[in-house]
Amino acid sequence: MHMKEFKIKWGMVIDIDKCTGCGACMVACQVENNIAPMTKKDPYNYVQALTKDRDDADNKLRTLTWMNVYELSNGKSFPEHEVAYLPRPCMQCGNPACVPVCPVVATDKNEEGGIVSQIYPRCIGCRYCMAACPYHARYFNWWDPLWPEGMDKQLSPAVSPRPRGVVEKCNFCHTRYAKAKDQARENGEDPMNLAEGAYVPACAEICPSGAITFGDLNNPEHKVHELAKSPHAFRLLEKLGLHPQVYYMSKREWVRKQGDNYNAGDKH
Amino acid sequence: MDSKLFPEGVQRCSFGKFLIWSCFILAFFLWGLYAAVLVLYNGIGTTGLDNYFGFGLWITFDLAVIALGAGAFFTGFLKYILKIKQLEKIINLTVIVGFICYSGAMLVLTLDIGQPGRAWFGYWHPNVHSMLTEVIFCITCYCTVLIIEYVPLILEQKQLNKVPFIHALAHNMHVNMALFAGLGTFLSTFHQGSLGGMYGVLIGRPYAFREGFFIWPWTFFLFVISAVGSGPVFTVLVCTFMEKLTGKKLVEYKVKALMGKIAGTMLTVYVFLKILDTWAWATGYLPSVGLTFDDMFYGVAYGKWMMFTEIVLCGVLPAIMLIVPSIRNKPALLYTAALLDCIGVTINRYVFTVQTIAFPAMPFDKWYVYYPNWVEWASSVMIVAYGFLVLSLSYRYLPVFPQERHLNYK
Amino acid sequence: MGFDRRTFIQLSVGGTVGILFTPVLWKALDDVSIWTQNWPWIPRLKYGALEDQPAVSKLCDSGCAVKVRKVAGSAFGTEGNEDSPLSKGGICPICANAVQVMRNPNRVKGPMKKVGEAFEPITWEDAKSMVADKLAAAKGKVAFISGDQTGTANEVFSGFLAGIGSEDYLQMPCDMQAASRAYNGVMGGTGQVAYDLENSDFVLLAGADAMESWGPTVANQKAFAATHPTGEKPTAIYMLASPVQTRTASVVDAWIPVPEEGMATFLLGVAYHLIRAGKYAGAADFGSFRSMIMDAYAPGKVEAAIGVKGADTAALAKQLLAASDPIVVPGGTSVATATAAFAVNMLLGSLRKVSEFPKVIQSAMSTSERMSKDLLTWVNKGAAPAVAMVYEANPAYSLPDDFKAGFVVSFATEWDETAAKADLVLPNAFTFERFDDMQNPYGIGKQTYSVGVPVCRPTLDVMASTDFILDVAASMGINLGFDSFAEVIAAKAEAVGADFDEASGGQYEGSYSSARASVLGASVLSRAAAPVRGNGAVVLAPYSQLIVGSQNVATTPNAPCVISTNVLKGGTLVAMMCSATAKKIGVSDESKIKLSGGNGEAAALVKINEGVLPGAVAVPLGLGHTVGDEFSKGVGDNVYKILTVRSEAATGATVWTGSTVNVAKM
Amino acid sequence: MEEKKSSGRCGGVLPFFIGFLICCILGWVVIPPLFYTKVEQPVRFSHKVHVEGQEMDCDSCHYFREDGSYAGFPSNAQCADCHAVDDADSVLDAIVEKVGSKDKIEDILKLPVDEMPEGLTELVQSSDEANVKAELEYLVKYALQGKEVPWLNYQYQPDNVYFSHKAHQDVTFEALAEKHVDLDGVVDHAVLAEGGDHNCNLCHMKGIETNDTPPAFERNILSGYSKITMKMWQCERCHAQMGQNNACYVCHK
């Protein structure tokens, strides 16, 4: 599998030592991307009323959490126990497992910037890409989106609402990228050379503890360029060779060790 | 009352009896239909699937029936291409079984995809790199081929066949059947393989990922061989089941034994390769991604016992039983071996579908256990019921078994 | 030849082929697939000019400075406000969902009065006269309960209360109150204690879950982020002493397991080493403080009392001494803990304060006056006012003990337990629909003032409670000096010296001054600092997460799928404990238990978490609402109701530290 | 047998072709129009009156915002520059007085102009009857009630499409010409031949800018799209030839 190379490679460096797991990023993500709150009842569907309720958030395997915060534990017992939080957006892999498997080219990695696209109107909902992604970054619309009455009065204009039966995932708030490019054009700047901060996804923007740094991994003027090379930086499941564009960093070795599998005895 | 429609010179149960039987099957079918309607109207949320288990019972069911339906193309291949005369006595049945399996699988698939209205995108916007595209192509094409192979059988129905045009048509189709058989073999081999390839290419899923030859991972070939190693004996089982049900002899035992022998040979090859593959995977690939063989299994649901049942109890054992003539020629043992064989291939499809995605690749993630809910079961049962109906009707009105007459009423 | 079967077949075959040669089928197929892309029941987007309007969101306890994101003039989300010292671009999880809360169908649609068991809508005019009459009849037996810690609204209400001759202005229990009573009461200081996290190089969080639920969480997190630049060496050390490894514990440089009820003892144990190292504080009672520490808080005694090793306190003291600008931050409602922490800060010479902003309504209470009265003591003394008014608070839910009143007026924006109990519900305009402000949110390091103006037009029949009270006051002939709250805010902004305009609000940043306390509170501490525990099987270690909600705000619409299964699982709350505790009480992971204590019981699932102090059970606050929308109602159980309230010796503060519960398997 | 066959041969062909023909006619002529319904614009807005009559420029209503986004349809606020409604409430009250109920405000339009309240008629600026009618409609239905006009977009694109006018503003006729772009089936030849300094006609309806009565919007009954909604292949063709990326996220959201 050859890897497409891009002049621009949008990426994140997430400092796990700074993430408090507060969840603001997950909420901001849902608001930005028009992810409806999970409601049990569907007042518009009478057939639904005949059968079991839709899922509410109790069913964590049915949620739409493009950005998902995992809790890590060092497994030691009191008082040596330590805990850490790991936010997991889509890794925007350089060599995505999901893209080549899609039978209808609903997902692709072909735009400058290296963001893996997901086109809802093309997706037929076979869920093969979900089976392919080891990060569980892909989510399926098990039910039609349904906002409590009045809450959909104004949705975010940035993202089209998805019908049930299609797969969706984090796309680094791609419309913000498009808008940043338009802004650059308006200002007479080069849309292909955005300054740091001109384009920032909702999660990185809102994070109160500044755990998420976002930028162009290929651009030396962007912080992530250097951060990604830090000795404390690592990527999830690097051994599988998916080459994520999302990096993590932690000074704690036990955290770094949980970024990949080392059971076969080889050293980190 | 419908005796005029029966095949030449055979007897069938009374219409009333047949009606009762049909209604009995129909009951199951309707139950499944209700489930199917729910799925199409409310969405797949009604099933037991979730974001961790995007594939489940349905896909397992599909893969299993497609594998077991392989009897059709392989027997066809042997009869029409390799001209093994013997097989014509059972070829009709293999075609019908194949047709049922494939059409059934396609019905399940339309339920399984979230947007059935876009099913045709697979043709209009194909991604040539995707194994699934290949599957979509081949399955749909091969299903058409099976219909073409099934049609002449229908045309040979006693009354229809009286119409000269139809008679001629049926005749001509028979003449050219070799062509379709060949085409079918080609298509079928490919998608059987592609189904295996689907899992083999999953670089993110250590349980399934395999190296391979050119663009085809090893699972590609393993799936083909395991299919031909089990398809024929499945037909044998179906045939035997019908004999028990109708109390008639439909196919002489030597044919069944022959089918057993064919399957046995393929199965032996398969088991040998499967063991090699598993070994290479466990000692070569897994360590290279920092994993051990033990990491791949968990609790009872995903325990090692399943793998050993698949490879030893339902692989090695039936293989031996089928290739050793003295065993193969004892009906009871042949059927046991056939049964084990089919169970084995089903388990194989199950673990590749479910265990593959159940394995938590991220160390801080955990195993989840997947339970299909009644909707998935019902809709699968619907397909089985559908198969029973088609088979019952075909048996009652079509000349499926050329030998039936002289085997029963000399 | 006639029209026989064959002709028919030919005809239809021809037809089929014919139709295939026309676009009809293909077009239909295409349109169907396009139809599936735009199903009529999937909402359409509305487009227009995008704009961000600065506003204050007072949903979370400390309040967030946000920008409301709008398209074509209608709001759809919030984002941080880089220009605000409180936000610096960040928001808390509650305020991140603020617009969805504003559009929540659970909002109170208009003024309602209780008739029998049900509510009936009434007009604002009737409501005003009704309230006026009730108040006139009450003859000063009126109480006002406020959950707003920072707003000038409090001046309007307390001024009004004074006008009708009552002093029962009660603040919901909060850390700010404990700190205020410790500093302004026990220690005889004036002003509000400030914690300059931004510039401290050593921060000891003594029970203050600073990055999750204590004080201005966003500002705290930003301060932490600034001192821990990504990819560089930290410029400050953060430590957390608490019974539970909270979210804060996951990022601090060290976590010291200390029981909540033992926090004062722990701090005095630290003070012991400081004094031994020759630290001195210029306070009248330093001598008695010193001798108290020396004989009652020697390492051995401390370890015996709370199980923290002398070596650890010594090491900690060493780091405090080594630091150039250390600070100790107390958490919880215990006045003793706050006093102890401030004493330590005085020894370290790092106790700071911000002075209050001038009042604009002269008859109103100052912040410290507001904080001086203890709500639960008042309740438990059997107070029964004729009229009680509740603003930005949900006492019926979040007070361990119920309060009684002849006639309850609730200014709730959303239906909650208190509103459901009230006789009159007068929906307050949502925080984006009204003028509001935040003065010196407790925990901030320097004087800070933020004003928010209405950025959204109300869609419901609501009214800013401040304006309502001003109208009522006018009708009762009480002159507060203003006709509308907009004027109050303008005056306040001017008094503060903030750059304010009616369109975009405004803000002011001042500085801190070093605090002067006359005493260290030795006499109080000697009686109040010792840990007190109930006699139940295990100690409760309640914790808060904003994503679950706050005292006042229930779980927001987008929050449920964010809440961890270590907090809530399958609708049941999760009780975390270490394996030792689980062993002791004979439970294991996933086992269903019932916790009984205080005035009630709570069902819970056991979750083994080695980050919980042995003998303690960590349970989340903020669940188990009985009134509200589907996201909070009937989800989990209300932990406030199993807390045991006691009156702290010497300080008289009502606290629930050391609450214990009995555990029964279910 | 023999005879049957022969008759089969000759008789077989005719009905086949009859069937073929009928369906071809149905499929090409009769059915296609049934896919669309005609919908009129909410208000009969006349570009002619505004452009020629009032000599307004395009960008007084259609312009780029500071953030680079494009203001396609004017909002009431913009219309108010000329069609100002200072005291909407009193006018509304006057109307209500006439029609008797708040819910029947729009009934005022049924009355002859001279019976309408003074406050309303004096707001009208145009003279000839048709325009007066249109203007009254706009005032009563939208301006006075503070509702935005739900204009129908002939080039309607669904929510899943992100189209940047900014990125296309420099696609001039010259640029297309020198790149020898073949836009067969994408852009009307006449438009290309004509050229001009505004490139709007490349995608937007030709001649709309001077049109007096806006043409009906032809809505697809199944998909809801406009009949002239540009399809993906059309965008892609131009992109490809102009050397622009055709990646999914260039246009989708």
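In this document, chain identifiers A, B, C and D correspond to the written order of the chains, with residue numbering beginning at 1 in each.
Keep this in mind: contacts are C-beta pairs under 8 Å (C-beta built on N, C-alpha and C of every residue); 3 or more make two chains touch, one makes a residue touch a chain.
Keep in mind the model is a prediction, meaning the values are calculated, not measured.
Novice: Spell out the chains that contact chain A while also contacting chain C.
Specialist: Common neighbours, chain A/chain C: B, D.
Novice: Between chain pairs A-D and C-D, which one is joined by a greater number of C-beta pairs in contact?
Specialist: When C-D is set beside A-D, the one with more contacts is C-D.
Novice: Closest chain to the overall C-alpha centroid, by per-chain C-alpha centroid: which is it?
Specialist: A
Novice: Measuring between Cα centroids, what's the chain most distant from chain C?
Specialist: B
Novice: What is the distance in Å between the mean C-alpha positions of chain C and chain D?
Specialist: 51
Novice: So how far apart, in whole Å, are chain A and chain D when each is placed at the average of its C-alpha atoms?
Specialist: Taking the average C-alpha coordinate of chain A and of chain D, the gap between them is 38 Å.
Novice: Let me have the rounded angstrom distance from the C-alpha centre of chain A over to the C-alpha centre of chain B, please.
Specialist: Comparing mean C-alpha positions, chain B is 38 Å from chain A.
Novice: Considering chain C alone, which of its residues make contact with at least two other chains?
Specialist: 6, 32, 34-37, 45, 48, 50
Novice: Tell me, which residues of chain A touch at least two other chains?
Specialist: 63, 71, 73, 105, 120-122, 144, 160-161, 163
Novice: I need the residues of chain D touching at least two other chains; which ones are they?
Specialist: 8, 67, 69, 158-160
Novice: Which residues of chain B touch chain C once you look at their complex with the stated criterion?
Specialist: 115, 117-118, 120-121, 165
Novice: Going by the contact rule set out above, which residues of chain C touch chain A in the complex?
Specialist: Touching chain A: residues 34, 36-37, 39, 41-43, 45-48, 50, 70-71, 74-80, 89-93, 96-97, 99-100, 103-105, 211-212, 217-218, 221-222, 224-225, 228, 230-231, 245, 247-251, 257, 459, 545-547, 556-566, 568-571, 578-580, 609-614, 629-631 of chain C.
Novice: Please name which positions on chain C make contact with chain D in the complex.
Specialist: For chain C paired with chain D, touching residues are 1, 6-8, 10-19, 21-24, 27-28, 31-32, 34-35, 37-38, 40, 44-45, 48-50, 72.
Novice: For chain C, which residues are in contact with chain B within the complex?
Specialist: 6, 29, 32-33, 35-36
Novice: Applying the document's contact rule, which stretches of chain A touch chain D when the two form their complex?
Specialist: It comes out as residues 105, 108, 110-112, 115, 117, 119-122, 158-161, 171, 174-175, 178-179, 181-187.
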